[in-house]
Amino acid sequence: MKPPAFIKRLFTKPATTGSKPDRHTRKTVALCHALLSERGEASGAALAREALQAYRLLSGPALSAFFDVLAREFSPEPKAVEEAAGDYRLDPSPANLIRLQHVVESPRQELFRRLNLAAGGTATLVEMRRRLLRDLKGQPHWAAIDADLVHLLSSWFNRGFLSLQRIDWRTPALVLEKLMHYEAVHEIQGWRDLRRRLAADRRCYAFFHPALPDEPIIFIEVALTKGLSDQVQPLLEPDSPVVDPAGADTAIFYSITNCQEGLRGISFGNFLIKQVAEDLGREFPRVKTFSTLSPIPGFRRWLAETAAAHAQLSELVDTLAADDWFQRAGPGTRNELMRLCAYYLQHAKHGQEAADPVARFHLGNGARMERLNWLADSSKTGIARSAGLMVNYVYRLKDVERNHEAYAKEHVVVASPGLSLLARESLPARLKSRRRE
Amino acid sequence: MKPPAFIKRLFTKPATTGSKPDRHTRKTVALCHALLSERGEASGAALAREALQAYRLLSGPALSAFFDVLAREFSPEPKAVEEAAGDYRLDPSPANLIRLQHVVESPRQELFRRLNLAAGGTATLVEMRRRLLRDLKGQPHWAAIDADLVHLLSSWFNRGFLSLQRIDWRTPALVLEKLMHYEAVHEIQGWRDLRRRLAADRRCYAFFHPALPDEPIIFIEVALTKGLSDQVQPLLEPDSPVVDPAGADTAIFYSITNCQEGLRGISFGNFLIKQVAEDLGREFPRVKTFSTLSPIPGFRRWLAETAAAHAQLSELVDTLAADDWFQRAGPGTRNELMRLCAYYLQHAKHGQEAADPVARFHLGNGARMERLNWLADSSKTGIARSAGLMVNYVYRLKDVERNHEAYAKEHVVVASPGLSLLARESLPARLKSRRRE
Amino acid sequence: MKPPAFIKRLFTKPATTGSKPDRHTRKTVALCHALLSERGEASGAALAREALQAYRLLSGPALSAFFDVLAREFSPEPKAVEEAAGDYRLDPSPANLIRLQHVVESPRQELFRRLNLAAGGTATLVEMRRRLLRDLKGQPHWAAIDADLVHLLSSWFNRGFLSLQRIDWRTPALVLEKLMHYEAVHEIQGWRDLRRRLAADRRCYAFFHPALPDEPIIFIEVALTKGLSDQVQPLLEPDSPVVDPAGADTAIFYSITNCQEGLRGISFGNFLIKQVAEDLGREFPRVKTFSTLSPIPGFRRWLAETAAAHAQLSELVDTLAADDWFQRAGPGTRNELMRLCAYYLQHAKHGQEAADPVARFHLGNGARMERLNWLADSSKTGIARSAGLMVNYVYRLKDVERNHEAYAKEHVVVASPGLSLLARESLPARLKSRRRE
Amino acid sequence: MKPPAFIKRLFTKPATTGSKPDRHTRKTVALCHALLSERGEASGAALAREALQAYRLLSGPALSAFFDVLAREFSPEPKAVEEAAGDYRLDPSPANLIRLQHVVESPRQELFRRLNLAAGGTATLVEMRRRLLRDLKGQPHWAAIDADLVHLLSSWFNRGFLSLQRIDWRTPALVLEKLMHYEAVHEIQGWRDLRRRLAADRRCYAFFHPALPDEPIIFIEVALTKGLSDQVQPLLEPDSPVVDPAGADTAIFYSITNCQEGLRGISFGNFLIKQVAEDLGREFPRVKTFSTLSPIPGFRRWLAETAAAHAQLSELVDTLAADDWFQRAGPGTRNELMRLCAYYLQHAKHGQEAADPVARFHLGNGARMERLNWLADSSKTGIARSAGLMVNYVYRLKDVERNHEAYAKEHVVVASPGLSLLARESLPARLKSRRRE
C-alpha cells in the first residue's frame, strides 16, 4: 500500500524541536497522525494494523524518539485548556464541563484507543508501557505518556473484565511455560517441580483478560494443609507425597506473582486473593484459615541499619556474618532475632506506612499479621534478606474491610497478640518505653 | 449484611440541595460514596455487588433523584479545576498535566469503574445509560453523566475487545430470540422467518463483548446472490428456495441493527461491515461485489417540502396520494420519481452533510451510491417513506478510505455515473442549471 | 473417480438368483464387496465414503433389492458353520471357539463396520435400520439383517458412550427444533410452548452419542413441583407462572421420548431416568420424590373387553359414550372407574407381564405404582385411551433393584397400599374372591 | 452397600474346577454374574460400577484366577451350539441364523458390554486386555477371552468413532506428558525436545476416542521440509532452527507410535497416515510428497544370517564389528551395504510377506519403497539394527489402492527403479541370476 500524499509531506517537513527522528520513526508518527484523522475513522482496522506494525519495529534511539514525539505532539493544547477551564469556573454547566474534559484529555489516549482496533493492539500497548517504564527514570518528560497508559490500562483491565481460571496439569503447555518464566518468589525448577505444584493438594489460579488469551496477568499458588505452615521448603519439595486435600483445614498462599511488567502499579492481587479464598471456601467447607507464608524482604537491611545505631546489637549482627550461623544459632539468638523482626514488621516505617513492602501489600488488603516462623525459608535468599524468617498474614473475610480501613486511615498495623508481645520484648521497644518513663 | 455505622450517619444527614431522595435512594448514594472510599478498595467486589443491587431496585422518581445526586455530588470541584488549569498554563509540565487531568475527571467515572468490579457490572452500566437517555431531554443537567458514561463505554467497547461471531441455526435459542426482538429494519416474523434468514445462502454476523456473553451488540444480515439485488421482498420471503452459495458473486447487506440502546452513538457498523466483507471475500473468492440494499427514509418528506416550493411537482405529489399509486404508475411518473430521488440522495443537505440519514452513514463509511431501484420495497413503510425506492451502496475495500476522506473533508457524495445522470435530469437540477446560465 | 476394472466386471455378471437389481443397486453392492476385500483395507475411508454415497441414493424397489442382496450374499456359509460347530463339539478349545465365532458372524457385520469408517457412517446405519424396519413385516427374510444391525448398534450405543446433556434455552436451535419434532407423548405446540418447558422450574435432559452430535437419542422432561402432580395440563400450560425451583420437593418426569426409530428396541430410558434422578438429587437436595405422571394407554380398550364379559359393567361403559361424560361423572362413576383402572394396572396380564405397556416399562425399571389420578389428562387422547386417568410411578433408587427383581422373576407388580386397596374393591376382584370362597 | 443374599451364597458355593479363587476374586465373579442377571438390567450403572471397582483391585494370582473363571464360566455352551448349528444346517433360515449367532456369542461379550455402562469402563477393558496379553503366552486357554476383547474393542474403536486432533504447544500438559511416555521409535528427551517437535515446521496428530478423552490412541510426528529427508538426526535436533513451513514441498512422517498396548493388533496407522496426508495437502497445497523416513529394524540380523551362508560377505560383516566402522567406511563398503539392504527390503521374505516388519506395514498400506539413505540414523540403535540405513516409503494417495492390492494379493513389493536397480546389483541377486542362466 502506497502512503498517500499527505504522509509524504509529513516526511519532508522539518522536525520542529528536539531529537531528530529517523525515517522509520517519522513514518510511524505519520501513521499515528493519520489514525487520528478522518482517514482513521474510515479505514476500519486497516490503518491501526499498519501503525501497530510500524511501531513494533522501533527500538533503541528510534523508540526513544517516538516517545519524545508522543510526549510533544500528542498532548493537550495549554491555550485551549486555559480557556475551557476559565469557562468552567465562570459557569460549571454540564456543557462547559464536557468541553473541558474533552480538551484536557491527551490526543494520545484516543491514539491508543485507535491502535487497539487492530488484532494484538492490547498486547502491544501493555508492551509499550513496559518499554516506556524501562527508561522512564532518565526521561521524566515521558511521565504524561505513562499517566495516559496507566489511565487507559486501569480502565481496560478492570476486575470486571478479568476471568479467574484454575491452572492445573490440563492447562496448555504454552501457558504453563509462562508461569515458570514469570514466577519470581519461589522459582520453578522445571516441569517436574511445576507438576508437583499443580497436584491434588495444591491449587493455582490466574486472572486472564479476553484480549490476552494465553497470557496470565497474575497468579497465585496455594497449598492445602493441616494447620498453618511454618516452613516453605516442604511446600516446594517436588518429591513430597501428595496428600488428600479433603483433610485440609488451611489454605496457604505461598506465592503470588504479577506477570505483566507493563501493568505495574495496577492492582490485581487484592482481588485475586479474595476471590480465591471465596472459591476455596466453597470447594472445601472444612478449610477455615486462609493465610500466606510470606517473605520479609527488608528485615536484614533494617537490622544492619538499626545495629549501626545500637551498639547492643552489634554482637548479634556479627553472629549473622557466618555462612552457617542459622544452623548453630542457640535459643538466645533465635529469640532476639524473632523479637527484632516482630518489631520491624510492626513498627518500622516508610513514611507513615509499614517499612516492609510485603507487609504494606497484605495490610493494605486487610490481612492480619499472625505468626513469625523461625527457619521458615532456609534458601540463600531467605537467609540473606530475612534471616530465614517468614510471617503468616491471615485473611479473615469478615475482618478484611475493618483491618484495611484501620491501616489506610490511621496506619494501624493489625497483628496477633503473640506477635505484638514479641515486638514489645524487642530491644528497640524496651529502649523506647524506658525513654518514655 | 448490616450497614456499618458511617452509612447510617449518612442516612440521617439532611440532604443539602434540590430534590429530596427517598430512603432507598439515599442508601444507594451512601453505598456509592463508600465504594469510592478506602473501604471500597479493600472490599474486593463485595461492596460493588451491594451498590449494584441497591441501584437496580431504583425506578421512577427514585431513579431520577439518584441521577440528580450523581450530577451534583460526583462532579469535579470547579475550584480545584481552576487552580490546576492555571498551573498548567504557567507551566505545561507532565506533572501539571497529570494533576489537571486527574482533577478534571468526574469522580463518577471512578464510581462506574468500581461498580464494574462486580459480576454484571458492565450490563448494568449499559442499562443505566439506556434509562438516562430515555429522560435526558427533560433533564439537561444529566448531560455530564451521559458524557462520562459515553467516554467509559466507548473505551470498554473498543473494537479490539469485540468478537465477531457467526449467527446460524446452531446458535443458542437465547441469542436468536434477542435477534428477533432487536431487528427493526425488516422485522422478523417468528422462528420460521428467522430460520430462512440463517439458511445456506444467507449469512448473519454479530459483534459480542466478553462482559455481555449472550447479548449481541450489533448484527448484520447478508444475502449471497447473483448480481445486485433490486428488490428486498424476495430476500425476505420465508418460502423462497435456498440456493447454493457457491454460485454467488454478490453479497447484499440487507439489514444492520444496533441492539443496545445504552450504547447509542458509539459506532460499530463501520467495523462490522468491513470485517464481514473481508471474511466473506475469503470464504467466497468469487464474491466480488459487496453492497447494501438500503431504505431512503427521508425521501417522501423532502419531496413534499420541495413540492410546496415548486408548483411543477404538485401533480406528481398528488398522484402519490392514492393507496395503490405505485401499481398504476406509468413510465413518466416512474422516471420523474427516480430522478427526484437521485437528486435528493446526492444534493439534499442537512447542514453540510447528506440529508438522508442512511446515506450519511454509508457515505461516512466510504461506500459509493450505486443504483436506484424502482419498487424495491413495496411494504407499507417502504411506500410511505421512500415511494418504494431503495438504493445500493457499494463497498469497495480499496476505495473506502478515499471515498470517506472525500466525504468527510469536502462532503463530496460519491455516486455512480448512472445515478449522477439521473440526478442531473431532475427538475431541481435543471432549474438550478438554468439559473446559472 | 473411475470405477476400477473388477467393478465393471461385477456389473455385467448376471444376477444369480431372485429379484433383478437395477444398475445403481448393482454398483452399490459391488462397492460393498470391494469394501470387504483387500482394497477396502488399503483405501482408508475413501471406499467407505463412496459406498455410503451410493447407498444413500437407493430408495423404493432399488432399496428393497439391495436389502435382498444383503440378506442373500452377506450371510455366513452354512457349510463352514456346520464344520466349525462340529469341531467345537468334539473339542471346545479356545481355537475352535474362536473359529466358530468367526465363521458364524455375518460378513454383513464387517461390512457395516467398514461403512462406519467414513464420516456420517453411524447416522447412515441408524437410518438404514429405520428403513429396514419400515418394511420388515412384509420381508421376513430381512430379519437377519435387522439382527446384525441391532447387535452392532446395541454395542455402539452402549450407555458408556452416551453423554447426558441438559437441554435449555441456551441449546442450539437446531437441536431444540428436533425435540419439537420428536416429542410424541405431549406434543410441543411451537417455540413458546417449548420455552416454557425449559424454564427455571422445568428440566430437560437428553442422551447424545459422539457420532451423532446434534441428534438427541432420547430425552426426558421434568417438572420441579411441590407434592406429587395429579394433573398434566397445568404442567404443560405455556402461560403458567414460573416458580422458584428451590422450593420444590418432587421431580415429576412427565414425558420421555425415544427419538431414533432406527434404534428401536435398544433400551435407553432406564439409564436416563436413573441418571437424571441422581443428578437432580444432587442439585436439589430437598427433592426427595422422583415420580412420573404417566398415561395408561390400554385402559379403555381393556375396559371395553371386560365389559363384554361382565353385564354389570355395561351401564358404566354406556356412560362413557357421551362426549362430555367426564364433566358430568358423579362420585359413583368416578370411584368405579378408579377401582377398575387400579385392577387393570395391577392384575391385567399380557402373557405373564403387565398388560399396560407403560406399566411394563416402569415396573421393569424397578419403579412402584403409586397413585391413580382422576381427570389427570383431559386431552382428547387422554379421555379416549384412559378415561382421563393417569398414574404416578415412583422411583426410589434404593428399592429399584429389589422391585425390578420381583417383577422380572415373579412378575410381582409392586404397588402402593392405596392402589392395591382400590384394586381389591373393583368388581373383577370381588368376583374372583367370591369364586374362591 | 451390603452384598445381597444371593451373592453371599455364591461365595460359599464350592468352586467346581481348577484353581481356587480367593475371596475377593469370588466376590468379583459374583458381581459379574449378577451384572448379567436380571438385577444387572435394573440397576442402571450402579452394579457395573461395583463390579469394575472390584475388578480393578485384582492383581497377581487373583487376577489370573479371575481370568481362569472368565475363560471357564463365561463361554458358550457346546451343547447348545451343536444344536443350533445343526438346525442352521438343516434350514439356514434367518431365525435359525439369529439363534445360532446368539448361542455362539460368549456371555463374556455381554459382560464386557455391561461393564462399560459405568464411567471408566472402556479404559478398564483396554487395560484388562493389556494385562491379559502380558501373560497370555503361558495361559493359552485365555485365548478366547482375548478374541472376545479384540472383537469388542475393534468394533468400539472403529475409525468412525475416532477424532483426529492436532497436538501442539497448546495441548494440555497432561496429554503431552503421555506422548513423551509412549514415543518409542525416537525417544523424546524431555520438554525441550518435545517443544521442538511441535514447532511451526513440525506437525503432530493423534487419534482420540470419546471414551478415553485424555489418552492418545496413536500419534504421528511430521516434519515439513524441502525435499526428501535423508537423515533423521537433523529432524530430531532440539536446537535446529525453525523454518517457515510455507516453503515446504515435502511432509516427512518420521515417527508413528501406537499408545495402547491393550489395543494391540487393532489397526489405526493406515487411517492416520492417510488422513494426515489429506489434511496437510489441504493446508499446504505446495506439499506434494508424503513420505516416511523409516528404520529397517531387521537388516543387520538378516545380513548376519546371510553372511553365514555366503563366504563372500564375511569380510564385510567383519568390518561392521568395529565400533566406529561407519565413520571409516569407504565407498566400497557403502555401496555393498546399500545393495544388500535394497535386496533385503525387496526380496527377503517372512512366509510370503516382506521380511522387514516396517516394510510390511507400509507396503500393506499401499506405500512405495522410494530411496535408501546412507548414515540416515547414526544413533546406537540405528547402527546396531540397520547399519545406519533408513528408507523412505512414499504415499501417493492415487496409487495407494493399487499398490496395496498388488502387495496383498501377489506380494509384489512396489519399489522405485533406483532401489530396484540397487537390489539387482547385490550379491544374492547376482548369484541367483547366475544360477538361473
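List of remarks:
All chains are identified by letter, namely A, B, C and D, in their written order; residue positions are counted from 1 within each chain.
Basically, a contact is a pair of C-beta atoms (placed from the backbone, for glycine too) under 8 Å apart; a residue touches a chain by one contact, two chains touch by 3 or more.
Bear in mind that the values here come from a model prediction, so they are computed numbers and not experimental data.
When chain centres are defined as mean Cα coordinates, B lies farthest from chain D.
Averaged Cα coordinates give chain C a centre that lies 39 Å from the centre of chain D.
If you average the CA atoms of chain A and of chain C, the two centres end up 61 Å from each other. Taken as a contact graph, the chains are arranged in a single closed ring, with each chain touching exactly two others. Here the touching chains pair up as A-B, A-D, B-C, C-D.
If you check the complex, the residues on chain D that touch chain C are 4, 38-39, 41-47, 71, 75-76, 78, 81-82, 84-86, 88-89, 92, 94-95, 97-98, 100-101, 104-106, 113, 116-119, 121-122, 140-144, 147, 151-152, 154-156, 158-161, 210-211, 270-271, 274-275, 364-366, 400-401, 403-405, 408-409.
The residues of chain C lying in touch with chain B in their complex are 169-174, 176-177, 190-191, 195, 214.
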